[in-house]
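What follows is a pair of complexes built around chain A, which joins chain B in one and chain C in the other.
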Partner chain A sequence: MVDIQNMSFGYRRHSPLLHKVQLSLSRGHIYGLLGKNGAGKSTLLKNIVGLAFPQAGQCLIDGVSAQRRLPSMLEEVYFLAEELYVPALTAAQFVANTAGFYPRFRQEELTRYLHEFEVPAHAVLSKLSFGQQKKFMIAFALATNTGLLVMDEPTNGLDIPSKAQFRRIMASALTEERCMVISTHQVRDLDSLIDTVVVLHDGQIALNHSLDQLTDQLTFATLPTTDTTPVLYAEDSVRGRQAIVPNATGAYSRVDLELLFNAATSGSSTLLPYLKQPSYAQPV
Partner chain B sequence: MLACVKSKCNQEEINMEFKDNEAIYLQIAGYMSDHILLGKWAGDEKIPSVRELAGDLQVNPNTVMRTYDLLQQQEVIYNKRGLGFFVAPEAAQQVKALRKERFLQQELPEFFKTVSLLDISLEEVQERYTRFQQEQTATLPS
Partner chain C sequence: MHNLFSFQRFGRLFRKHTAEHLREYLMGTAVLFGAMLVVMGGLSYLNSGSMNTGVQTMFFALFLLGAGAFFTSTIFQQFGSKNRAIAALCLPASTLEKYLVGWIYSFVLFLLVYVPVFYLANSIVLLLFNTPSSYHEAVDLFDPQDQPYTILYAYAVLHAVMLVGAIFFEKAQFVKTGFVVFGVLGVLTLVNFQVLKTMFGADLVTTLPFTGANFRTMNSFYRVDLPETQMQWIGLVFVVLTVLFWTVAYARLREKQV
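After this line comes the complex of A and B, so read on.
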């Protein structure tokens, strides 16, 4: 669905933010895009959907360059920015003005999502609270049924029950025809929702693995502080050393996304080279 | 583990909290098998679609698809093209057989290991097991 080839981008000429990024995203998956503040997550997403133009390389959507912004491509893409602009319209007026751009938009889905999110269906959007506005836009984005749905920090500003509702709605909205990309800081919100983790660090894709691959290759464990087994990455905590070690036995351990993210962005760990090895080359 | 916490408008609200040491798709398979053993889902009854269950559990549909693949392969559920998934007529027996097999393969050897390590005789085990069965029948609601 999305194919990024050798893409570079920077807001100023001599300080590229993204450097020769390579990334492919397929339909039927929910990708979690993680990165530190200022790593360029939003910039990457804007390049994907054609809101920013790569300075080198290209971003393709179904083989067509996103920056050409062809109507046939735009009706297949919905981008939900982190900061919303919500006009002073009622939901019905907003739908009447906007839904026409998305041929597969379904009013009954929007109604169902709004009901589940407990957003009043007839209020003027700009009069709603920030969280309610956000939930309205998430519901609208999902109801457009575009092949590519990109959401920048969708769970920001959602209260606790809304986050569970968000996961429920997202899980039921994924089909084999849709590719969903969610950028986030709050990894715990998305734990079992995403199937693939993409980490952006130092202008490049540091990690792009499915959770299944990660559990096959890695074990996440708490080791006693005195334990000196070689680890791929470890952090000291009150409970002991939170460690990532090679998965030698094939046993399952749940991926600790926070620890994985810290490992991928620490620069010093041996984790990334280990994951890059083809699995047959790894000691068992 | 998965547990139903409250009922709301006839629709079960499922509180999903997964264990850290077993793959989520297996935990969901266990949860579905429990439903079948407890008789909540009868033979040839239609079960939730992959997307419905993924929504209820707030997990990625691909994870639930993996569960359904496994349960199909174990002949606990079956797929009717275009209609969805159904509980196999002999599903409860099938689940029991699979669990018995797993118990005999994995848990029983562990039990034997402890029993022999602590020099507990099989007679003592037998005696206690008989007492356990008696207590069970006594506490059963009439």
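After this line comes the complex of A and C, so read on.
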């Protein structure tokens, strides 16, 4: 669905924020885009949807350059920005004037999502709280049923129950026809939601693996502080050493996204090279 | 799928723009109507009589250029701030459709609303202040002698310039475009004056670009103009400039990034 080829971008010509990024995103997946503050997550998303133009390389959506912003392409894309704009219209007026642009929009789905999010369906949008506005726009974005749904920090401004609702609704809205990309720096918000982790670091894609691949190759474990087992990455915590070790037995362990993210962005010299090796070459 | 233009999609976009801005446009129209009544009524009151057609034409031009320039500078405000621009640029409509909605509102619809509002306000003022000793008809926009309708050409040029400013600047478009326009006009006037001074080698009297050269030697005053047939080509320069600025505004919208 999304094909990024050797894409470079910078707000100043000689200091690129993104450098020769290569990334392919397919339908039927929920991607979690992780990165530190200022890593360029939002910039990458804007390039994906055609709001920013690459200085080199290109971003394609279904084979069409995103920066052309063709209506036929935009009908297949919904981008939910971190900072929202809602007009001074009621939800019903907004839907009446906007839904028609999206051929696969479903009113009954919007009604269901709004009910689950507990957002009043007849309120004036600009009068709602930021969290309520965000939930309305998430519900609308999902109801458009676009092939590509890109969300930048969607959980910012949501309270704790709403974050759980968000994860539940997002998971229920994924179909084989749909590609969802969620960017966040709050790694825990993506727990049990995403199926592929993409980490952006130092202007490049440092990691792009499905959770299945990660659990096949890695074990996330808490080791006693005295344990001297060789690890790919470890952090000391009050519970012991939070460690990532090669999965020698093929046993399942839950991916600790925060630990994985820290490992990918810490400059660890062992984890990323290990993941890049073909599985037959990995020492067991 | 017509990616350049679709009437259905354009109609949908037009309805959306109207729904989101109708209230502020109606309020703006009411403010303009009130301002016309106060200014033209106030002047008539101070003069103890109604305005003649020359003064009416002057107010028609002032309000048209002032209100029109301001309105046009706000017409692309949805592409100004970052969060609004994201929503506007991602909406599945072509750049041409998004541009045309702004162009039609600020040029065609503005004129269609402005002219009746002016005539209504003007008629009320004339009704209130016409007396047997000071009686004036309402100005005829299409009067063949005075040709007040030529102001509409000036509006077209101003509209094109303000449209570029509306999409080029992200904030305070009216003020910033005004600064640029006056700056460019100032420099142009200065350069034009110096070039003419070099050409004629005489004491020039204030001479504006695209007009004849006025100068004085001893006690004689001279004016050098292009032949009338060539002066008509000057008008063409403004037509070309207008179309050029409209095109630049479209191109700028096409290349807009957030």
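Keep in mind that, in the parts below, the second predicted complex is superposed on the first by the 283 of 284 C-alpha atoms of A that agree within 3 Å, B and C clash if a C-alpha of one lies under 4 Å from a C-alpha of the other, contacts with A are read in each partner's own complex, and residues count from 1 in each chain.
Quick note on the criterion: a residue touches a chain if its C-beta (ideal position, glycine included) is under 8 Å from a C-beta of that chain, and two chains touch if they have at least 3 such contacts.
Computed from a predicted model, the values in this text were never measured in an experiment.
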Examine A:69 and indicate which partner it touches, taking first as chain B and second as chain C; both and neither are also allowed. second
The chain contacting more residues of chain A, comparing chain B with chain C, is C
One more residue to check, A:172. First (chain B), second (chain C), both or neither? first
After superposition on the shared chain, which partner residues are touched by A:100: those of chain B (first), chain C (second), both, or neither? second
Taking the superposition on A as described, I'd like to know which of chain B and chain C A:29 touches: first, second, both or neither. first
Contacts for A:194 in the overlay, against chain B (first) and chain C (second): which applies, first, second, both or neither? first
Which partner chains sit in contact with A:254 here, chain B, chain C, both or neither? Use first/second/both/neither. first
Which chain A residues contact chain B in one complex and chain C in the other? none
With touch defined as at the start, can you tell me which chain B residues reach chain A in the complex? 16, 18, 20-24, 26, 51-52, 54-63
Listed in rising order, the residues of chain C that touch chain A in the complex are 1, 3, 6, 9, 12, 15-16, 19-20, 23, 81-87, 89-95, 97, 255, 257-258
Please output the residues of chain A touching chain B within their complex, sorted ascending. 28-30, 164, 167-169, 171-172, 174-175, 192-195, 215, 251-254
Show which residues of chain A lie in contact with chain C when the two form their complex. 46, 49-53, 69-72, 74-75, 77-79, 81, 83-85, 87-89, 93, 96-98, 100-102
